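There are two complexes below, and they share subunit A, which is joined by subunit B in the first and by subunit C in the second.
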Partner chain A sequence: MTDFFRRYSRDKVGVFFGALLLLLYGVALTAQWITPADPMAVNLREVFSPPSATHWLGTDQFGRDILSRVILATQVTVKVTSAACLFAVLTGVPIGMFVGYRGGWIESVTMRATDMLLIFPIIMLAIVVVVISGPTETGVIVALGLAQAPQFVRITRGVTLSIKEELYVEAAIAAGSGWLHILARHIWPNISTPIIVQATLTLPVFVLNASALSYLGLGVQPPTPEWGQMLNEAKDHLINAPYLIVGPAAALVIFVLSANLVGDAVQETLNPKLKKRK
Partner chain B sequence: MAAAEPLIEVKGLKVHFHTEDGVALAVDGVDFSIAPERTLGVVGESGCGKSVTARAIMGLIEPPGRIEQGEILLHGPDGIVDIAGLDPRGAEIRDIRGTEIAMIFQEPMTSLNPVFKIGDQIVEAILLHENLSRSQARERAIDLLAAVGIPMPRQRFDHFPHQLSGGMRQRAMIAMAMSCNPRLLIADEPTTALDVTIQAQVLDLMNALRRDFNTAILFITHDLGVIAGMADDVVVMYLGKIVESAPVREIFRHPKHPYTQGLMGSIPSLTDWGARRLTAIEGVVPSPFAHAQGCGFAPRCPHAMEVCRRRSPDLLKVGPGHTAACFLHQAAP
Partner chain C sequence: MIRLIVGRLLFMVPAAFLLVSFLFALFHLIPGDPAVMLAGDNAPRSVVEGIREAYGFDQPLHIQYGRYIAKVFQGDLGISNYTRDPVVNSVIPRIINTAQLAFLSMLFAMVVSLLLGCVSAMYWNRPLDKFVTVVSLLGICTPVFVTGLLGIYFFSIYLGWLPISGMSSWRHFILPVITLGSFQAAVLTRMVRSCMVDALGKDYITTARAKGAPEFLVVFKHALRNALLPIVTLFGLGLGHTLGGSVVTETIFNWPGLGRLMVNSILTRDLPITQGSIFFFAMIFILVNLLVDLVYAWVDPRIRYD
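Now for the complex of A and B:
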């Protein structure tokens, strides 16, 4: 673990964007206390006020402070995407490990099912789930998680297939280990790295999809702010109040960019086969 | 030979692999038995079914392979179990693996999990089958490491596999295999991947352990020199069949089957060096997919007769405890 951080710290880009990502998570965790104004407070005397000393990013059509709303939206996004990512990992990885190790018809059926799910664009799947479950926070989490879970099933199955051919797995069977023991003690420790990398690399996809859903009105419902939904409102006032778009757009870009670059850096750190480009 | 009750009996074992290219008769009717505390050596070229036989005994045959026929009878204190009839994923075979029968493999480099300390791997093997506390299991593991001749076992306990040499790893594997006092140890070419000096040490170790633990050994190798030093009885396999079976002295003095004679002829001798060239057996092992009529060795046999290409010879007695499957030693039918 310390070795991981030592090697990671050599990657300057990774360190910078890692710090940025941590900052965003810090903002998300402390959102309640650091918002300069109440993000929900309507003030009809201050609608569409441009950025100023009191409202750094201006106010929207209800006079709500944009900066405060962006901060609260960060919390919502981080919560939803982290939970969805966890959901995808916790469903996809065990299924992938089980079918990969077990093989046979269970594997064929599962893999064809994931193939079918992978045919649909992720956002389509998510829309279907949200339509069924309703546009609640939990609904969005389940939708995004389920939409990404097939990816994790596939990747996990792939690495499980290669590890289960290792002689030490056969040696463990020959020593009398049961399948659960083999999955937990022999397969998982040897496949965790690519899965951690995959989870980090998919995080920005979750963020984009969460924003896309809420842009379409299928995400977290107003008045709770979310970046996509704020962007959707901002586009209606693009001519008279163009500054509305700056806050949520910048937050989204920074989050996705940081998460992507951190994912790359983690992959380079954990995967000895990737040659250092520098 | 085995006068008392055998420990394990393999009867008419057939393991076939159903692949897209056809059916491979990897093991095609094999009978042998091992008495308690004896060592049976199985010799043969690559692809003759040695390892598949071993895996069948462990219940490790995976699809597309399948035990088509035969019995693998394990004689235990509670009666006889037919391993061939057990569910390879079931609980019964799991209780046999590790406790009754243990196995060590050819590649010590890859048969230990790279992410765990070797001590912890041995502890796991112990805890799988015995109700011990972790610290008791740890003490047992350290004792085992000492018993297999690993110096400073307490320190080595916390080493990862990559920190050990090949010979040390094979010793650790042996320690793991012996952890629950198995009655039969299957050694699948345990010394093939090791240097000759290390080979000798590991073989000495196995011989010593056999005495200390009263374990029977099924020793698979293609190295006749190793067989001479290890085995009590020898079985020679060719193309999924046993072609000759005899006590070790008998087979080295009077090899009957032309294949065994060929194998003997390809060993360099220390005493008559220069006096003769090594002879090689002509040709290669036929594909197990080609189910030709007659004796499998006939195409390569210097003594092949007309009958050899028509019929497959049975394993018949040719001496005391000595059987061979060859028409040369049988009255013409």
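Now for the complex of A and C:
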């Protein structure tokens, strides 16, 4: 672990954007206490005031402070995407491990179904699930998680297939261990690292799709702020208040950019061969 | 080749069947009474009961299921809650609009990514390559609705050159196509570049250079031809993603396409239209996937003999 950090720290871009990402997570965790104004407070006397010393990013059509709303939206995004990522891992990984280890017709049916779902873009799957689960915070978490789960099924099955041929698994079978014990004790510890890395790598995809859903009006509902939804509202006021798009757009791009670059840096640190090719 | 086509077309039959079953399930998976949903929230009880009987929601599930399947295979997907038009009539023209947008965006993305990717690989690790890499990274991290809003602000509001929404003339196509295409172009440029860097590192490139072939020919004939196989695969995947991205792009530019129809129907709780648009979107994805597979088989004969 210390070796990992030592090698990671050599990657300057990775360190910079890692720090930025940590900062964003810090903002998300402390959002309630660091907003300069109440992100929900309607003030009809200060509607559409351009950026100023009191409102750094201006105010929206209800006179709400944009900076405060962007900060609170960071928390919403981090919460939704982390939970969705966890949901995808918790549904996809057990299925992938089970069918990869068991094999047989269960495996072929599951993989056929997974391949079929992988034909569809994640955003489409998420929209279809939202129709059922409803555009609430939980609904969006379930939708994004389920939409990404097939990818985790496929990856997990792949690594499980190679691990189950190992001698220690054979030894465990010979010693009379049940399949559940083998999966939990022998296979999971050996596949957890690539899967956790994969989960971090897909984080930007979760963020992009979560904000796309809320841009479409199918995500977290107002008045709770979300970047995509703030941009959707800003679109109606582009002529008189174009500054409304600056805050949410910048926050979204910076978040996705940092998450992408940190993912790349982590992958390169774990697998130095990748770097040579670049 | 013919066996492959027939096999894949046969695969569509169970896929379509599963899809229709899912659409049927949608009636009952959505929270609330389907009859109330069709009648509207404030409809009187008699109307709700009338609809329940007319649609057969009072019948046992397996009978409802059989009826629904039979109707769908006769091309009847119900009528819209709002316009009272048959779903098929409102969906079909939308498909053509979405296809135009997706096709032009993909064309834009392919041309841009091939050019930028090749140039980037030619100037590997030099300032031009680094510039292209940074731009494509930024492109990947910028969602289409951010690009779209910036485009609308700059070109439609600030400069006043291009229309904001609709699709009545060729000028209406510019912003949506570039918005959707540039995201895809950014994704593909990175991949084309890495395919080309791989290809340019091969021995036959050294041979070509050693025998004195001009650099332009080395890149665009020797390297590109050999890198084409993975690139075709990428373009195939890209087409699916472009169709997915069209949902958001259509919403930004009020494009009268299938994606916006679907999103609007969800927001207005027009379930028959939602079912119809999901059905056609899914069929389009399955068809596109089939076409892409056939193109692979055509480009790479090894697949045909598998």
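The criterion applied here is as follows: the second predicted complex is superposed on the first by the 271 of 278 C-alpha atoms of A that agree within 3 Å, B and C clash if a C-alpha of one lies under 4 Å from a C-alpha of the other, contacts with A are read in each partner's own complex, and residues count from 1 in each chain.
Throughout what follows, a contact is a pair of C-beta atoms (placed from the backbone, for glycine too) under 8 Å apart; a residue touches a chain by one contact, two chains touch by 3 or more.
Only a predicted model underlies this, so the values are computations on that prediction, with no experimental measurement involved.
In the three-chain model built by superposing on subunit A, subunit B and subunit C fit together without any clash. Residue contacts after overlaying the shared chain place A:218 against subunit C, while subunit B stays out of touching range. By the touch criterion defined above, A:20 lies against neither subunit B nor subunit C after alignment on the C-alpha atoms of chain A.
Within the superposed three-chain model, A:175 lies in touch with subunit B and out of touch with subunit C [touch as defined at top]. With both complexes placed on chain A, subunit A has more residues touched by C than by the other of subunit B and subunit C. Shared-chain residue A:196: touches no atom of subunit B or subunit C.
Contacts of A:40 after superposition: neither subunit B nor subunit C is touched.
When the shared chain is aligned, subunit B comes close enough to touch A:166, but subunit C does not. When the two complexes are laid on top of each other via chain A, the two nearest Cα atoms from subunit B and subunit C are 14 angstrom apart. Subunit A residues in contact with subunit B (one complex) as well as with subunit C (other complex) do not exist.
Those residues of subunit B lying in contact with subunit A across their complex are 58, 60, 63, 89, 94-99, 102-103, 105, 107, 110-116, 124-125, 128-129, 173, 176-177.
For subunit A in complex with subunit C, the residues that touch the partner chain are 116, 119-124, 127-128, 130-132, 134, 204, 208, 211-212, 215-218, 228, 231-232, 234-235, 238-239, 242, 245, 249, 252-253, 256-257, 260-261, 277-278.
Every residue of subunit A that touches subunit B in the complex is listed here, in rising order: 103-104, 166-168, 170-179, 181, 185-186, 189-190. Subunit C meets subunit A in the complex at residues 15, 18, 26, 29-31, 137-138, 140-146, 149-150, 152-153, 157, 194, 197-198, 240-241, 243-245, 247-248, 251-252, 262-263, 266-267, 274, 278, 281-282, 285-286, 289.
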